[in-house]
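One chain, chain A, links the two complexes that follow: it is found with chain B in the first and with chain C in the second.
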Partner chain A sequence: MIPSSIENSEIYPIANPGSIAFFGASNNLAAMGTTVLGCICAMGYAGKIYPVHPKDREIKGFQAFQRVSDLPEIPDLAYIVLPTPVVVETLEACGQLGIRHAVIVSAGFNEVGGQGKQLQSELTAVAEKYGIRFLGPNCIGVINTHLNLNATFLPYEAGRGYIGMASQSGSFITQMSPHMSRLGMGFSTGFSIGNEANVDIVDCMAYLGACPNTRVIALYIESIRRGRAFIDTARAIVPKKPIVAFYVGGSDEGRRAGFSHTGALAGPDPLYNGVFRQSGVIRASSIEELFDFCYVLGASPPIQGNRVIVQTHSGGPGAAAADACGRNGLHLPALTAATLERLKPHVPHTASVANPVDLTFTKTPLDFFQTIPQILTADENADALLIYFLATSRMIQVVLEALGVSDDMSGDKAEEIIIQQADAIAALGEQIKKPIVGFSFLARKESSLIRALQDRGIPVLPSPERGARALAALVKYKNLREKLTQG
Partner chain B sequence: MIPSSIENSEIYPIANPGSIAFFGASNNLAAMGTTVLGCICAMGYAGKIYPVHPKDREIKGFQAFQRVSDLPEIPDLAYIVLPTPVVVETLEACGQLGIRHAVIVSAGFNEVGGQGKQLQSELTAVAEKYGIRFLGPNCIGVINTHLNLNATFLPYEAGRGYIGMASQSGSFITQMSPHMSRLGMGFSTGFSIGNEANVDIVDCMAYLGACPNTRVIALYIESIRRGRAFIDTARAIVPKKPIVAFYVGGSDEGRRAGFSHTGALAGPDPLYNGVFRQSGVIRASSIEELFDFCYVLGASPPIQGNRVIVQTHSGGPGAAAADACGRNGLHLPALTAATLERLKPHVPHTASVANPVDLTFTKTPLDFFQTIPQILTADENADALLIYFLATSRMIQVVLEALGVSDDMSGDKAEEIIIQQADAIAALGEQIKKPIVGFSFLARKESSLIRALQDRGIPVLPSPERGARALAALVKYKNLREKLTQG
Partner chain C sequence: MEIIQTALEEGLPALSEHQSKKVLEAFGIPTTRETLVHGCKEAVVTAETMGYPVVLKACAAHLMHKSEKNCVRLNLTGPDQVRDAYDSIMDSIDVEIDGILVQEAIHGQRELIMGMTRDPQFGACIMLGMGGIATEIFKDSVFRVAPFDRGEATDMARELKAAAMLGRFRGQARADMDTICNCLMALAAIALDHPEISEIDINPLIIDPQGKVTAVDALVVLGNR
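Let's turn to the complex of A and B:
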């Protein structure tokens, strides 16, 4: 049920259109369709765009066509952002021309009940008649960063990434890019699936399972309609890549909210926990955790066990990391005698070489990023390293100036040192094939060290607890994958 | 045990020195004492500083003195950042001159065991002989933002705030200012208490209880030595201001880490939970949560119950907020008939007026910030409002341009609208005396709306879950305070 290659996916043209017939954009700047077309242009999509409009002849520089039947070719995809009453006839016209894929952003269907339900039935009947696969209605569209395609109504502000997402809320496709960019992560592809009248979360998950740009799959779920297909599809994917789900329907409050949002009927936590367990899907407890888990799962090599070494030069953050590890099922082994022997020449007398390894400071700054993590990750009991980062460019600069480097040189020199440090950790990560997860109270935009680390594939989270929980997700994935491949 | 006024606190001069004798700064820029003195100068402390140094005659522009006995007056405070072996004799000399307060940053005492323990005993004996109260040793010093005093070795980057903190880790006093500044909060006073040889966490808590700049007290705890005094002092404070504690010694891993950090022996979770319950102290489960709770507790009027209305224009974030409320003991009441009637003219037909109130959009943008929250918070079943913020300056600008406002005007006009919106919510908050807590995936530095709200006293957290948990902390504080004042 996962396509053998992504091109064979039935929904491939929805995420990878070479050409789009666009319905709903005009020279009225306040129309939602105009905003979506603006977003598509802003990100630099290189495919062909054919606006269809009864009156306007040119829209945002594109030649517009009065009727679908006027189009010079059969586009891969119809993008429909029209008032509810004309959606069915528009899909019909697309089908007649031979268009076989659509995204229907328009709302006013099942989610409003009554007449809307009738309209949605008509929509699915038209799709069936022509063999059309469509996303929506009542969705916010699709993002494929690797195609520079952002067909939503908000700008996409993060970079190209490895997280493939299918979401029962459009907000989590369109509104999370500032959050993602703060950790240096991004979407590969994001689907807002809306009412799932035709393409559903299972279809999107299968597509993302085959997508070569997607290393990890994120799901936002208010309810699962095809339970059996969900489980089977997930089980086929999980041996190859992890799936993380954030499910909000399990509490009374979440269930009621989901019902008024998409009209879907959710089930209690134990039921969904059972589905996730059978599926091999990791459950996240918040939207923040969903992205944290995906971020670290996509960045890290497989973990072999739950034994973590914590490296720090500050006692409190080290103790908080140790405590968070303990509370999340991770174990902090004592260092072996061999490791202690190898560490000795590199640590000051004030250091504690228990685990956490609290260096207090390091004689040579690069030691913290090279020699010491090298020794610690080589320990036979270490499955992963959780490491605290503090140093800022400004702090290094002050030390350099104290050592006699002139004011006008120290800034550049500090940046140079930071790149060396980040390179050292990244090279170690490549070499040892054990996860290295960082945490820091400094943000990417405040610290060139954090940015350099993240850009080199070392995930750095904003607190010890979030780092520890993400490491625990790696262990969870190891166990789920093993169960599925052995079972 | 709480001083009747802050000036009567025995440790008042430690946080409010008019003059400081400084030991350990020199013209050697790499010395830690020099860095601390640099931080004191950088923040603009206006009191007198007397560096004491055997050779240097001028340090950072201050006249330096060879011996303590050479000082022209008896300073309020001795600040000691010297090598371990000379600390005891330095405190003795200070005592002889008549100095009665000290901060001892130097390490190498109880925390290293052996000879260090002996040295710490000598230190406390000298203090007893002269009636000296001192913070430390093995601490990172004190910050009093309202005095522009940052006597640590890292710059303080947040603003003046209302969080008073006493911490058994110096890192959480010195390294959290970027984190705090990201939410627009800051310390009133922060104490790094180190080995607690003389002044301990109970003394600092009592001081903060009396401090008029402190609205909420944050504690980082690896162990409590004076259990009875802790409970009694906390119980005297909690009716007046909330106390939040982050305790890491409860897990095996946290306990071991704390032991190697400060040599303190922690107790299991149930024991400490009992202490916190008796004390009326709210326990935070992470350092992030400690600051979140303090942020919202300090910003909000007292909550009257656990009934929350969620206001959003995006379904997913609304559902996530509802779910998080449910999981944290908060209740989402249905709107009364009167509220529904009052809402009707202001909401579009696509809106859901269940709770969450999902507006999808608002006809008049200011409605989201004024009329609608006014109606919702006036509902007789509403104890608090949890509200989602999305709009960016850029989005408002696009709408304005669509409405015909010229490009060169739209930026300023958008900022003007944002200020109006933030003013409207802040005015409502003042008027209704019910907590209004915001959440947004946009950060303060990315969005002038978020900054404007936070600067007007409306707390905005970075996710629905963190917003919900902070609201639950308000309810917890209400219950704890009632129990203490009734008992």
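Let's turn to the complex of A and C:
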């Protein structure tokens, strides 16, 4: 179950070590362990690091120790990136010293079968003997951005974020940071869980459930080993924070044909659909959706219903957004008479005040970011706003220059306006407690408006379809949460 | 349960339809009124008492796919039809049977299937699906892991693609949702109480125009496979 506080989690020291005994780094630059230690140093981890190496006396500026027993203290964590044959004896030595947590990156265990299976059971036996909790083997490691800890073999390039992830593939821990940084999001904590010989996805999920830096949990799943524990743990977490899972395939074991219809229909996929729904877990159908959903779920206040108002200044994107909303079970209500009345002074005669609200143009530029969204979200039928963003800094600059602002002033002035606009939307979001989701065909690096919005907590996705699906995920979360709390 | 124990001792792979329904009934799942008879005369007398129309089916533990074996006769409306049906089933059967089931005929356009299967990771899983053509073509079925509460059972029905058919549908009453949920929870209870049962299949469970729900055919498969 979820620990009462994060410090009480049995795996807390794995993600929050104050000191690390590091096995497998050396002055050989080609060794994977050396790369991992390099990544730890690069992110600026402030804890103590004790490399253990039979020959090298100093590694990357750290004093190295010949044997585990030479260490000056009992470190919180053993990090093992050694050749397979010496892993078991190393864990044994760690256990003897009193180390109770480990990350075992080394591969060559259950996943290779044969002798590997034997080695893995020796590993779990040693862990049991000493009460060691360990992540892996055959994993990529752990990231805790709030501790500046990136113990993987690739640099972490996104910022500190609120997405806590447990993944049965190391790639989604190590290789997602460019994808996340494109939307201005990042991991809080990431666990690559490998073979799950000791710590499994349920343990990680429980930890993330209690983690104060984690607003939403992302799971990459190929199979769930502790079925009932998964369901119970997820059901305990979901009333407090959303869980999104991307599940692929599944074993053929579950696919065996039965005597009866029931068995024949119980392929892994429909069964996992049921398991997720019973667990309160939102299922994403791609890696892109997994992170989109987490992004919007972590950024938005709870949604009350499925009624969305689409605001745009251009017909096509508005229609595309309306269509995508419809396909994803969202409803576009007509504006009430009161809303229409309030809107009248602020919209040009070319505008359409149906939903989508297509403004074509606004009398005052800030109206698009302040007055109009405020009126729209105040509509009693509005549960959320899906809004199209176009403006680039350059576009505002051209307008300013046409108005007579000098070339050397227009750049700064344009940035100033953009900040004002982003602040206005962000302030509205805070005030109304209804989700505002943006979409734009411009990315962060192409538009300072998009960057400013994302940095202020307004999620902006790269297409109307992605925006609508993420809004639908908010509605799914609302429904799942209600089912679990009313049950 | 004694029925299960006896079948296990005899090494049978499954319970007969009649025995399967007795297990379901014991856990509160509504099944057809039916009597196992051993002669043509008895079949007619039973049908008269039960009221027409009736259904005749051969009944045996090893008859797991009855309609394929040509041993089911539906919608019999009088004694002559019952006699003919009885004789023709006996003629077409080449295996030993427990007897012939005389069963009330349940009519309804809406059919569900329900079942239980055991998954290596999740244990007993309960299935609900739309019956008839929907089963084969649309695979409109949903699963939950046992045990679960009534809220979850309700959610299963809601999750079906054709969930609207359980509401008021073409002049027919809303399906009895309480009973549907009870049945799903009962299947979960059977699965947890009886690890010796490996699969259960209720196919179909008919919803009549008044919304009443009845398990019309059932199969309990035994043994840990």
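Here, the second predicted complex is superposed on the first by the 469 of 487 C-alpha atoms of A that agree within 3 Å, B and C clash if a C-alpha of one lies under 4 Å from a C-alpha of the other, contacts with A are read in each partner's own complex, and residues count from 1 in each chain.
The rule is simple: a contact is a pair of C-beta atoms (placed from the backbone, for glycine too) under 8 Å apart; a residue touches a chain by one contact, two chains touch by 3 or more.
On a predicted model such as this, the values are computed, not experimentally measured, just so you know.
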Key: First (chain B), second (chain C), both or neither touched by A:399   = first
Just checking: does A:248 make contact with chain B only, chain C only, both, or neither of them? Give me first, second, both or neither. first
Ask   = Once the shared chain is lined up, is A:172 touching chain B (first), chain C (second), both, or neither of them?
value = first
* In the superposed arrangement, which partner chain does A:227 touch: chain B (first), chain C (second), both, or neither? -> second
Of the two partners chain B and chain C, more of chain A gets touched by chain B
For A:271, using the defined touch cut-off, is the partner it touches chain B, chain C, both, or neither? Pick first, second, both or neither.
second
Where chain B and chain C land on the same part of chain A: residues 251, 253-254, 258, 260-262
Contacts from chain C onto chain A in the complex sit at residues 13-14, 64, 113-117, 119-123, 125, 127, 129, 135, 139, 141-145, 148-152, 155-156, 159, 199-201, 203, 219, 221
Chain A contacts chain C in the complex at 223-228, 231, 251, 253-254, 258-263, 265-266, 270-271, 273-275, 277-278, 483, 486-487
So, in the complex, the side of chain B touching chain A is made of residues 28-30, 35, 107-108, 112, 154-155, 167-172, 175-176, 178-179, 182, 220, 222, 246, 248-254, 256-258, 260-262, 285-288, 310, 314-327, 330-332, 350, 352, 354, 356, 358, 390, 394-395, 398-399, 401-403, 441-443, 445-446, 462-466
